[in-house]
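We call the chains A, B, C, D, E and F, going by the order they appear; numbering starts again at 1 in every chain.
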Amino acid sequence: MGAKYFGKLTLILFLISAVVAALLGAVNAITESRIIAAKREKTVSAMKVVMPEASSFEEFGYKGKDPLVAEIYLAKGSSGSIGYVVKVTPTGFGGAIDMVVGVSSAGKVTGVSIISMSETPGLGTNALKDSFREQFVGKSGTQAVTKDGGKINAITGATVTSRAVSKGVTSALEAVAALS
Amino acid sequence: MNIGKQFKDGLVSQNPVLVQLLGMCSTMAITTTLFNGIGMGISVLVILTCSNVVIAALRKVIPQKIRIAAYVVVIAGFVTMVDLLIQAFVPELSKSLGVFIPLIVVNCIILGRAEAFASKNTVPAAAIDGIAQGIGYTIVLVVICIIRELLGSGTFGAGIFGVNGGGIRIIAEGYPALFLILPFGGFLTLGCLIAFMQWTANRSADKARKESEAAK
Amino acid sequence: MIARILSISLGAILVENFILVKFLGICPFLGVSKKTDTAVGMGFAVIFVMGMASVFCWLVNYLLLVPLKLQYMQTVAYILVIAALVQFVEMFLQKTMPTLYQALGIYLPLITTNCAVLGVALLNTQYNYGLIESLVYGVMGGVGFTVAIFLFASVRERLEFADLPKAFEGFPIALVSAGLIALAFMGFSGLKIW
Amino acid sequence: MENKLGTVVSPSPHLRSPAGTRNIMLDVIIALVPALAASVYIFGFRALAVTLVSCAACVFFEWGYRALMKKPQNVGDLSAVVTGMLMAFCLPVTVPYWLPVIGAFFAIVIVKQLFGGIGKNFLNPALAARAFLFSWPVLMTKWVAPFSYSSIMNIFGGADAITSATPMGALHAGLLPNATVAQAFLGEIGGSLGEVSALMLLLGGAYLVFHKVISPRIPLAYILTVAVITYIFPKGEADRLSWMLYNLFCGGLMLGAIFMATDYTTSPITKLGQIIFGIGCGLITVLIRYFGTYPEGVSYAILVMNTTVWLIDRATLPRRFGGKPKFDLKGGAR
Amino acid sequence: MNNILYAILVLGAIGAVFGFVLAYASKVFAVKVDERQEEILSVLPGANCGGCGFPGCSGYAAAVVEGRAATNLCVAGGAECTAKISAIMGTESGATEKSVAFVRCSGMKNSVKKYDFAGVSDCLSASLLPGKGPSECTYACLGLGSCVSACRFDAIGVIDGVAVVDKEKCVGCMACAQKCPKNLITKVPYDAKVTIPCFSKEKGPVTTKMCSVGCIACKLCEKACPLDAIHVVDNLAVIDYAKCDGCGACAQKCPRKIIKLADMAAN
Amino acid sequence: MFESFFGDLHPHDFKEATSGKASRPMAAPPYVVIPMSLHLGEPCSPLVAVGDYVKMGQKIGDSKAPISAPIHASVSGKVIAVEPRLHPNGTKVMSVVIENDGLDTLSEEVVPHKSENLTDPEVLCRIVREAGIVGMGGAVFPTAAKISSSIGKVDTLIINGAECEPFITSDHRLMLERPEELMEGIRILKRVFGIPFAHLGIEKNKPDAISLLRSKCGADIKIVPLKSAYPQGAEKQLVYSVTGREVPPGSLPAAVRCVVFNVFTAYSVYRAVHEGMPAIERVVTVSGDAISNPMNLICRIGTPIERLVEEAGGFRGSPFKLLMGGPMMGSAQYDLSVPVTKGTNALLALTSRRDRSVKEPNCIRCGRCAEVCPMRLTPMYIHMYEERDDLNTLEKLNVMDCVECGLCTYICPGRLYLTQSCRLGKNKLRSAKEAAAREAAAKEAAAKKEEEAIKSGK
């Protein structure tokens, strides 16, 4: 038990780690592009939902201060820019809600789509329903639930989530308004 | 080597969840839909089998002192591979299992089997052990999932079939007991399941005893 | 910064308790909770290891993995760090501080395979916490674990006097009790002070 | 062969106080009647119907479980009736009748009898059931305004009355409710079935204290803690005094402090322990009311403190007669 | 490809570093432990599940070695594991002659009852009552079963008011004897052919009045025994099993027929 | 009968049945059974044999042990048996049975102690011992031993006239009927201890006794009215009520410089000194709802209790329990032949109407037992840990402090036998300690033997 013992332990753990790393690297090389694509696909398809006429989306740097706004994309239709899609992350009942809001050039909501949320299933997740999201279409300005004096009908039993989504839409509208 | 016994151990007498009480975290955290359960079960099955094989193969090479570290690296390697593959090919599953896929690394079942079985047995035996234990795990997971999803969300198989992957609705919306898909429900369901198992075990033991006494 | 630390602490202890809400570290929670004394010992060991793991994993991540774009290896690297760290600390304590080892060290092997430890490292990364925040989250997550296991152990001590159906003896009733404690702790959900 | 005298031999003492478990429970039921009456007056007969369903279900499950498990029956001690009443008291009057039945199952079978029945459970059955019933949050938060619901028909009719805000919702938002303090005290406000009339609850509490069923330690410690904190730290622009008073009279504080935090089985038995328990409940209640997502924190505060009872008792065992003070400066802890 | 190289280097380096550190630590911090502890650790499943109530497998192993824990606590390992641990600890029951518990009383139903009693159904409790319990005979079994609840093997039960040991189930741990306030339970060989279920040390006439199956110390058995295996001590006949061959001469002579032969008892 | 509100510390006292009636001297019975154990400590050996003629007040039993008191004949007549007889404690105890000749011929030993120096503690101790005086408050501890062990260590003399147990009024009647003699007895004790004045504690439910004694006592005896609360008469509680001092656990009142005597004890001291009469008589309250005509009887030690029942008009209805002593601490009897002893302050017969025990006692954790326990214990926890034989915890719960007052059992709505649990706990703890001590001694002996063997081997 001397240098040999040290060397052996070191070497073996090194070898195992190295082999594992190599394999991982390989798997990563295969999957990396797919993972990115899968993520992007999800966002893009969500963006398509909120702005169906758009044919492509272009990343558009957001320089505002609103922490809820994550990214802004310029939506391009057949005849050039037709509006913006804003990715916002308001906080709901169970954490951040990832959602995109389409805003037309006229500053009106064209659609709201939720990419992911960790709200309570059967309660907060009702925000995924069309009936709730469609309330926002065509709206502009500050959005709020009826309880808070706004026009949005909150989901029963999930006022917190409804508030969060409304806040997200408001932020998106403000962010776009600030652009022009 | 006795394949029958190994399977019986994995499924019943040494069931990792119900008897050995291993891997509790994921068993309770993700068992809210059948989709999650099957996904988790299969992931664990694959990882368990692979790591069992590798560890059994290396069992003569790895010195005692770095045993745990070495096992852990091997296991973590497989976990990450599975994680990456799931992210790439079944992103929805990755989303709903979240941090619990990487946490398979510390799922006590895998390290437990590595230490208890793979490090002392041949490669084929280790492989079979991995499969048997993995299936035992998956079955229990699926049972818990079905109960919790049915009573908690009122659906069956959300994420697998049904309109928009919403599953088949069995209990009308607004009636299921929401809390069963929360942590509370996880503890309660598993507790009742194990109690049920102990009850059947007691009953069959009682029966056996009565029979033997009657025979006397 | 102080508000941030307090808010992380409150979250980790009450609101998003590792055991009762996040479901991380259930095995030792169920296993080492028969007596309050052992439960507390385990709790302190977890605090210690979660704090250490948070720091070391943060260092490995931001000094090695991120610059080299190897984030996909986080899990492997973290668990290796944790396993080695725990084993090292155990040996170290056993030799140099036998009394502390008696109090803490004996729990250490149990912690390597504890979801809470790897979990905290992964969550630190997921939440983009800085070094200090990671440390706070790790330690406070451990405190949350300790609170939960201490209460649970006291409830289990009381359960020794309960009159249970045979089928529920042992783990089933422990699980049901843990569930009921989780139910009580739901009152803290969403608590936000700072 | 028997001895000629035929007397029974037993260890001393040979006298027992007249108060058995059943008398005590009967007293609690009597103390709850004024609040129930107020509730019927304010919300109509449906309040009574919900309470009866809840009690009947509790008694049924208590009896059924013990019959099924072949254990000696003790439904006669009436504790299930108390549980039933108290559980009904923290539900909205609009709940469909199947909800208290499920609650009764949870309270009696899972929380109480599974652990061995009266005296053995570690959580308050009624409160645990209420917490569990939030599995149906929509049903559990359908509140009605006082007196909007008093026709006899509503016993059978569905719960179609208009949902209305409760004072707790306003307080949660940092606003004062639009009822007067007097209305809040008398109970002309929305809220759970039995919690609305602070006056009637206090009456019941006085009865219990007078009959020595409960000691005032827990309720006083609890209510005073809430009073002090809400007075020192009012929320929003409210003036201290009315903020404090609304916080005391609205929501479940009185019901919880007088009838639920005092539940024997789930509260400490030592005097000091009871005070600590009450203060703990008060602190957590305010914490949840001020900073939590739920507007009301009483039930969770009591449940959380329930889990600490064993520890509190152990830490506060009374100083033995003739023993050294627990903490004397020289000797340290006993 | 660079990426994979980095991966290998980084993870390999971490591995190597820790391999070295652990090797170093294992030398520098080496602590001698009981070999049996290592052995036990190696037969434990290593799941560190804590099911045994100890902090992890090594905690349990240490506890077993130090005698603080039984060998059968590992939930994950099951019976197999228990057997192995017992083997390591050398606690398998040796080949000593099996002995079982025996209750030296035939029961209150045969003896005069002094009074009805109320209170805790517990033998010690009843024995503290005035008159040391409801039976006129202060030596009699109280039949309240304190011994029954002490037995972990379900080997003793109260039948017709007197405790009776099922010698097939009894393992001779004598946990029951410790609980009996009347000290009625004693050890007898598993194959004892003759037993005397009485413990009354009262003088003959007193016993006669109290109990129809009590030893009256008449000494007829003593005289009948060809092997000098039975003696009356303190007004009570006692068998010396080292000498007794089960001939039954004493039983035949006993005027009260209280000496039981094994084959008779079986009926 | 009206009973007090539950939860009250003070059980309804039922004293009115006998408190207003003058005590009635009872004719001596045809024969008396005098057990040789009428006190705490070593039993006496009989000094007489069958056939002997004894006179009233003659010493018939004595022992050399330091903790003991001699026993005297309570009638004159022929000894007809010296054999074990049933004692109220349920065991058979060597007893002297005397056939009463009805003459009550006084023994020559009975002479007033006039000439002796009564302030000398040694003299007084001798007189008290020779008179066979033991604590008449129930503990039957030899009074001479108590005096000699406390002399010089106390600054407060407390006379116990609390009589807190329900039903019993024997001390009450004594105070009303023999105030002068009582005062004189107290003064004798006071002088012995060299204390300027004595405290006489009386519960407030005896206002007549308080006012009577107040009018009779001088400045040297202070009447202390006490709250009517069971167990006000228990030594430690009485010391606390009178002086505010708490007797430490496991100690006697002398540890806080107090000494306590029962009123009947003080009265007996008076009689021994001024009349030379040993303790052969006492007042017994015969009461309870199964007794036709409840009353206080002055009766001879050794009278079979069946005579007392007869004297009080016999049973009314069927007695469910027959108690010697009060309902809280007295012991249940099952045989009417047992004799009155020096500690018998009451004989009670109760009907089943008052039996509130249930088949399945069940603790509801109401905490009342802990609230009422005068020693501030937690009986419900003691019960729980006693059931599981957890001796360590029992010790931590101070089970040894329990004075077995019975209050916890009285108050318990779940109808548990808490006092019995405490007794069992104490019993188990004591036997465990004894076993441990025995084991330690055996080990030591073995070690010694080994050592010796080694030595001798060398």
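In this section, a residue touches a chain if its C-beta (ideal position, glycine included) is under 8 Å from a C-beta of that chain, and two chains touch if they have at least 3 such contacts.
The model shown is predicted, which means the values in this text are computed figures rather than measured ones.
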Highest contact count belongs to the pair D-F
What is the identifier of the chain with the smallest separation between its Cα mean and the overall Cα mean? D
Using each chain's Cα centroid, which is most distant from the centroid of subunit E? A
Centroid from C-alpha atoms only, then distance subunit C to subunit F, rounded to Å. What do you get? 61
Counting only Cα atoms for the centres, state how far subunit A is from subunit D in Å. 44
Length of the line joining the C-alpha centres of subunit A and subunit E, rounded to whole Å: 68
Need the CA-centroid distance for the pair subunit C / subunit E, whole Å please. 41
Two or more partner chains touched - positions in subunit A: 8-9, 12-13, 16-17, 20-21, 24, 28, 93, 123, 160
Among the residues of subunit B, pick out those that touch two or more other chains and give their numbers. 21-22, 65-66, 69, 73, 76-77, 80, 84, 108, 111-112, 176, 178-179, 182, 184, 188
Two-or-more-chain contact residues of subunit C, please, as numbers and ranges. 27, 30-31, 72-73, 76, 80, 84, 87, 112-113, 161, 165, 168, 173, 176, 180, 183, 186, 190
Within their complex, subunit C touches subunit A through residues 72-73, 76, 80, 190
Contacts from subunit F onto subunit D in the complex sit at residues 3, 5-8, 11, 166, 236, 240, 246-249, 251, 318-323, 325, 327-336, 350, 354-360, 362-367, 370-371, 374-378, 380-381, 397-398, 401, 404, 406-407, 409-415, 417, 419-420, 423
List the residues on subunit D that touch subunit C in their complex, please. 69, 110-111, 114-117, 120, 122-123, 128, 131-132, 134, 284, 287-288, 290-294, 297, 299-301, 303-304, 306-311
Which bits of subunit A are touching subunit E when the two form their complex? 1, 5-6, 8-18, 20-22, 24-26, 28-29
Residues of subunit C defined as touching subunit B within the complex: 20-27, 29-31, 72-76, 79-80, 83-84, 87, 112-115, 117-119, 122-123, 126, 165-176, 178-180, 182-183, 186
